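You will see chain A twice below: alongside chain B first, and alongside chain C after that.
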Partner chain A sequence: MKIIKKRFRSTTSLIAGLIACGAAAVATGPSAVDAATEAVAQESNGVVIRRLSQEQYETIIADVFGPGMKIGGRFEPVPREEGLLAVGAARVGLTTAGFEQYDAIARTIAAQVVDPTHRKVLIPCKPAAANGPDDACAKQFLASAGRLLYRRPLTDREINLQVKAANQGATALKDFYAGIESSLALMLVAPQFLYRQERMEADPDNAGQMRLNGYAKASRLSFLFWNTAPDPQLLSAAESGELHTAKGLTAQVERLMASPRMEAGVRAFFTDMLGFDKFGTLAKDGSIYPKFTTHVSEDAQEQTLRTITNLLLVNRGDYRDLFTTRKTFLTPLLASVYGVPLLQNKPNGYPESWHAQEYPAGDPRAGILTHISFVSLHSHPGRTSPTIRGKAMREMIMCQRVPDPPGNVNFTVVQDTTNPLYKTARERLTAHATEAMCTGCHKITDPLGLSLENFDSAGSYRTKENGAALDTSGTLNAATFKDAAGLGQAMHDSPAVSQCLVRRLSTFALGRQTAPTESDWVKALNDGFAADKYRLPDLMKRIATSPEFFRVKARPGA
Partner chain B sequence: MFGRNLSSFWAATALAACALTSGRAALAAETKSFVVSWFLQAANSYDGDCPDGINPLPEDMFRIELRSIGLPDNQIEEIVGGVNGGDATPEVEDTLVNRGRHNGKPMNAYTYPETVPDVGFHEVKGKYAYGFNLDGKETATNYEDPDTHEKGVDNQYWRALGCNINHRGTRTERPAEWSLHWELNRNSMPAWLISVTADDFTKDGDVTVNLYKALERVSRDANGYVRADSTFRIDPDPRWQNTLHGKIKDGAISITQPHEVHLSGDPYMLTDLDMTKAQARLKINADDGTIEGVLGGYIPWRRVLFIYGSSGWNSETMLGTDIPGAYHALKRHADAYPDPKTGMNTAISTAFRIVGIPAYVVRMDAKAE
Partner chain C sequence: MSKVMNRRRVLRGMLGGAAVSVGVPLLDCFLNSNGTAMAGGAPLPLCFTSWFQGLGYAPGYWEPKTVGAGYEFGPQLRALTPMKDRINIFSGMKAYLDAHFAGAHGSGPQCILQGGVADNALPSLDQIVADAIGSKTRFRSLEVSCDGDQESLSRRSASAINPSEPSPLALYGRIFGPDFKDPNAADFTPDAHVMVRRSALSMVKEERDTLAGDLGASDRVRLDEYFTSLRELEKRLELELQKPEPLAACKVPAKGDQATPGLVIDDARANHRLFAGLLAHAFACGQTQVAAVKFSGSLSNLRKPGSQQTFHMYTHEESIDPKVGYQVNVEWFSNQCAESLLEFARALESIREGDQTLLDRSIVMYSTDGGYARTHSTDNIPMMTIGRASGRLKTGVHVSAPGDTAARVGLTVMQALGVPIGTWGAESNRTSKTITEVLA
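Take a look at the complex of A and B:
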């Protein structure tokens, strides 16, 4: 924690310094310095400060200023912690280059907001004179936009600084809108916007205790269910104190869940849990897998997310069925990789569209583990890896830890796919695992991964490797199976799978791993999940309406 | 279950309004379907097949033609020197495009190639060329097929243009002219489909080969090749549905009943492939599931000329076929279907190499419609 705190301090100092030095000569340094100081002061036990993900950033900008805003650039990556980027987002600072990227994007957005087309819609007032400052009009716009961007009303001090920045900009540049632009750009690089800061307040119901304030609660809810900042209705509920009551909280949770935007929250969670960020660097050897293109990579993720949201949200199905379902969605591109016929039935040149598909009974493709998004992501560029696939299943789906291989392992036998003695991955791994130091881990991973050997590194179906028939039998605990469909059923039946979902989702919601002191809560969630027939929305509601979701500890000495 | 042999499930549900050709023709029959990935002149170049030499490149052809219309050498050199690989000034391009002469007036050499004197393309005089004995005769202008050793092979298209550098090629080295045309145009033209039906591909017996025009275009894979295992609908227009009957023997498919073949192509290449007395031999590669072979027959020679003439200046300067020269050569070597009035042959014997990769081919079900 000390390290994190130190890093955050240096980041905020950096932000302040950069803004003061270069952002705009007319801008006020004190605004950023104050914001940074205030942000650091909020850091406390149980309170998590998370950097916005790129998707969250983009969604918020679209929500506040409209979907037409062009947002270029790419944010700095976030480390995966506890299996989730959502946790890593609470443990990252910002480099100089990263801040420069934010600054450039902020300027781009601010310029669009005040351009002649958008200002008419986005700025709710007209300045007294376009060639100079108008504090009243500036305040009206900046307070309104700031409330949505900071996910709370701006303090008087904050709004005064923003208006002052706008005034100075307008005066220096003889342009009211240029002043708004520079002030908005500052707001968009402020820690209050870039980081999800959670503020505490004294809990009136429990003397000496602290609680998250209404706005912090609103943010936790909104980012969990919609993966974006609270909407005005939720902010109003925060302001009124409604979120501090069980009835008010439940009403807002149900409202969020009833919205189609809940799909965004579910997608964000599974995108994180399934490690889809790794698609950004996924490559396949085109000479071996010519069908695998970047479009396939994009469609593969979408296929799995559509399958998930259709089963869990549209049909309110059992989470465990994700590992056995034969229902999915395909584009013609994906169909060609899977080797199934699929008609677009549209004129040439139309973008490829999605079609609901159902594999017939007995088809080896069942469940999301047989999707391209899993088998290709957890393979080498030129060959499969039952070990990597097995490790991914253990770690991602079952929340089990598989140790990294020792540094001095000889992988030659496994890597040589041309050795006539070991034609299949099973044969190569069997030979490799005879080394004592390797056996332990491979026993954990390989029986799972080998059952997916019918799917090559690109996700296409095969029955042979190097001319040798594939043996796709495997085991998981006491369960034995003969192929991927059997693996899916074993995963479906494994308690570790549903328990892992509870663990991941609660961690995702909190932005941190649950503490040992929260084990009762986790157990209750697991029990509730089972009682709810493993329905994800019900689990999300249980998390969001439980006191533990918002519980914070009083600052030592408070 | 997978590949192009489909389960009844897919036929019943995934493609409700369509009937899959794969595995659906008859209970006992098996159908394998493909999308054409390459369609090229069946080149068979080898040392000595053009004893008179390879035809000169465009600049030299221009010199010959400009000289024949009476331009002085210094003016010719000035014009030809300005060609600059096709990046000529508008004046130079205009002069060369209009190098035909009619009553002393400039004429467009591509629209009116007959107004440019014949430069006399060298012809392929070698013994071997791909194709079929289309007329049942063996004459001095026939070849022997290098693979089947069938005699009396009629392939005058090869004779006419096979000594141009951009037509030189072999089975494995694609000729530049056709490669470029096909590569550029297959993205925009409807895909061509092949469906082969036999009772048992592992045994000798009857076989039916269907050639179709698809409603869809091809898509590309990561390497820029045609993507395998895509799904195509057969164009319901009966004009583009061709059924040929033949035999399969030792895995080799041959058409034994010559038939017409009509396929719609790309305006910049083959507007329509109208082939008569078509024959084919094909072989399915067991390793990768592709099909490859030769399709031969007579096609209107002016249709062939259009391949070159349609892109005129660019075709000449980039690909190197002198278009008036091609006109004269094709006309000279045309060998079938004489015009009743003029007696001039209207068609020329050809042979094309055809390659297909696995695909799903579906027919729009009339009943469902």
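Take a look at the complex of A and C:
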């Protein structure tokens, strides 16, 4: 109960709801997940070991070996924890099947690197003889590629191992390049590459204290701003000790922020926060929503990400305006799903192109919650779900937790679309919520979700369901509104929304939830975010330049 | 021969005379001429499949009315009647939730497959079985999903959840692709590239201690998971370097088509048929002894094409038809699942090994998420096993054990497969009560 109360303290109506709905939750105490979280928090000394995401892996390979590398294979999924895959990545291990996949992908990449076309460009030396080992040339290539892949120079032990692997392979297969291929494939399945390991060192400025070493700091920065491994300049700054000085750190942060690559970092964060990984298995019923194709779901994610980066990065706007903005981007395909006229003066067969779109004042399609990427992702395959949408807003956007439905419930009336008495979701939910054990939770979710009922399961605009006019009024705390635009304004005005962004971004950056001992830092970030007029890049800079971002401590007994 | 018998005797002794056996590692043995056993007389190894579907059956409509042998299925499982003499059915068993907040659909599978609802770190029983019998095959275990995603109920720990393969074509490539060595091929040349890979991987193994450095306890566990997986691959490569023993029943299947991945039930069933065939051939060819099949997720979103409703939505929303006493559309989906389960058993049965079939040396353990999807009940969960495990299980029996933990079935199955385990499960689901009615 303590935990739930704390999470929900920002909203009084929520607590009232929980007293009814939380009967089961309160009686049963904290879940196993909470216990695990606490165990991790207690154990954590600030060092976090994260497995590379698929996107990070692919970006690093493209950075190191060129964008033409083909990466076949399926990556093992990562669980979502604390609302983020970035936290799951810090807790996930590796299964046999997952390792097998990494091995197959590694061999594919290594084979391309040494093929006759690529070796000329990528391998900086020629072996003394092509049909046998050449340790000097192997070392030259493996040390330089290794530095970028491991995000730090290889230790002597590591480079010796790689050279030995290359030597053995070249000898057995009578081919220098086959040896390089084998050694590189090994490097690509090494934990030093697949996991972002962070190493500490004694802090010369604080006797007896530890600090992250320069390379670990460089990785934290690079993955936060660019979602990839540090570039050579950042590695140099790590090597020279520059990152340990306030001036050097700020200079690198500003350099990272000035680069167009920062967009990749912002996109990675919002892709994670908004749960876009679920698009991978989203299916809409083709007979009900013939326009909803795979292409639409790809364009839908892109629409939201473009809207976000345009507002937050290009225009350096207020984060909260994401929920009210009437500016977005559309392809003709998306426009046809939304039912918005869009003229494309391009010849037949010309690829889909993006068009800036601004809806007129008063248009219901305001803010990213009305995007297909939200309303379709949080629906049933053939029907909307105000409950699922409301839960998603509470959990994803406001960092609040809505409990699962309890056992022994009669759900029968909820969405019986054929019952003539209940034509709309609101009527069905109202009937269902007369059950005392249901009403508490539905008070938390439904008043938000019902305001999006103008958007069907695929995102098309509608004013009626089963012939009955929709009532899209809703409430959030003291705010009342009549439609999606009003909901967006209420979200904009809710302190929980901007606080949640701070919480998610700091969690994303650290790879773990902040500890209770860091509450002063979180408060300072929240105050700073408000002082900065809720500009995301400024918040990222505040996080990256604060000592708390890098703070670690020695393990007891270590 | 004598070595194998000794090992079995040792294990039997360890368990106080309980009827258990170890799956004899394939490569230690030779086949006899008619394919019913290894040449030395040892039986062909045991195979295990954990077969899961979401949402189960309706109470009162699946349970047999009589206990013991000679039962008749209730109407919702009637599709399985042709296999009845190979099936054991268990009724009345439940998942104890103790004081834990019940995940609406997740707690039942946790109890049945992991033995407890509290701790997500408990390994699933297919992995316990794989540790005991699966280490001498190319794949320790294979996990598949018929409804399009990579989700899985198979895990070694909370941080090592085995992803399911959603594509039959990809599974075909994994098992019968270029790395496959036909056990019945006349000639065998070890692949020099495989030798190089194996020796490279064995070098990394020695780096564990250096890498462990100052890691905390949970990160050490993750690193160990990494090295366990690395060793598994190394072992697989070692096997690829040895000439496999001939297996008379092994036939490389045709590559087949890709079924449409997704949640339409016809597609899920088509995928399932392809997976069933591939897994049967993988067992027959000695590629694995353990599989986990997810016919649908615990919260099954399978649906009929063109329908707004999913299986899950029907279970909660459809009215009970007063004429028949149950939810008619839910029943339709349930029947589809039962028919697919029958198809899985038939795929194993279709592989003849002398006068026996692959099913005879298998156990397929059926599980689902609860006893009544309509209300999220975890009482009276339908439980079944199919196959005789080379005579370790008696079959054709209905056991009614009202109020007992459903973990009893998993315990019994593990014992029948030769896992040296006497007690299994956590909290109220902890049990040492083997279901002796079905152990031979």
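The working rule: the second predicted complex is superposed on the first by the 513 of 558 C-alpha atoms of A that agree within 3 Å, B and C clash if a C-alpha of one lies under 4 Å from a C-alpha of the other, contacts with A are read in each partner's own complex, and residues count from 1 in each chain.
By definition in this document, a contact is a pair of C-beta atoms (placed from the backbone, for glycine too) under 8 Å apart; a residue touches a chain by one contact, two chains touch by 3 or more.
Please read all numbers here as calculations on a predicted model, not as lab measurements.
Visitor: Quick check on the superposition: with chain A as the shared anchor, is it clash or fit for chain B versus chain C?
Guide: fit
Visitor: A:481 in the overlay: touching chain B, chain C, both, or neither? Say first, second, both or neither.
Guide: Neither chain B nor chain C is touched by A:481.
Visitor: Does the superposition put A:95 against chain B (first), chain C (second), both, or neither?
Guide: second
Visitor: For A:461, decide between first (touching chain B), second (touching chain C), both and neither.
Guide: first
Visitor: When the two structures are overlaid on chain A, which partner does A:333 contact: first (chain B), second (chain C), both, or neither?
Guide: first
Visitor: On chain A, which partner touches more residues: chain B or chain C?
Guide: Of chain B and chain C, the partner in contact with more residues of chain A is C.
Visitor: Which partner does A:191 contact after superposing on A: first (chain B), second (chain C), both, neither?
Guide: second
Visitor: Quick check for you: in the superposed arrangement, does A:169 touch first (chain B), second (chain C), both or neither?
Guide: second
Visitor: What is the contact status of A:289 with respect to chain B (first) and chain C (second): first, second, both, or neither?
Guide: First partner only.
Visitor: Just how close are chain B and chain C at their nearest CA atoms in the overlay, in Å?
Guide: 10
Visitor: Which parts of chain A are touched by chain B and by chain C alike?
Guide: Of chain A, residues 287 contact chain B in one complex and chain C in the other.
Visitor: Applying the document's contact rule, which stretches of chain A touch chain C when the two form their complex?
Guide: My answer: residues 24-25, 27-29, 31-33, 36, 39-40, 43-45, 47, 49, 74, 76-77, 79, 91-100, 103, 157, 161, 164-165, 168-169, 172-173, 178, 182-183, 185-186, 189-192, 194-195, 197, 199-200, 280-281, 283, 285, 287-288, 380-383, 403-417, 555, 558.
Visitor: Which chain A residues qualify as touching chain B in the complex?
Guide: Per the stated touch rule, the residues are 284, 286-287, 289-293, 332-333, 335-337, 339-345, 348, 355, 357-360, 362-364, 461.
Visitor: Along chain C, where are the residues that touch chain A in the complex?
Guide: 99-104, 118-120, 140-141, 143, 148-151, 156-163, 165, 170, 174, 192-193, 195-197, 199-201, 203-204, 207, 210-211, 213-219, 221-223, 225-226, 228-230, 232-233, 262-263, 301, 303, 305-310, 313, 316-319, 374-378
Visitor: Sort out for me which residues of chain B touch chain A in the complex.
Guide: Listed in rising order, the residues are 1-3, 6-7, 9-10, 13-15, 18, 20, 22, 215-217, 219, 221-223, 225, 227-231, 233, 360, 362.
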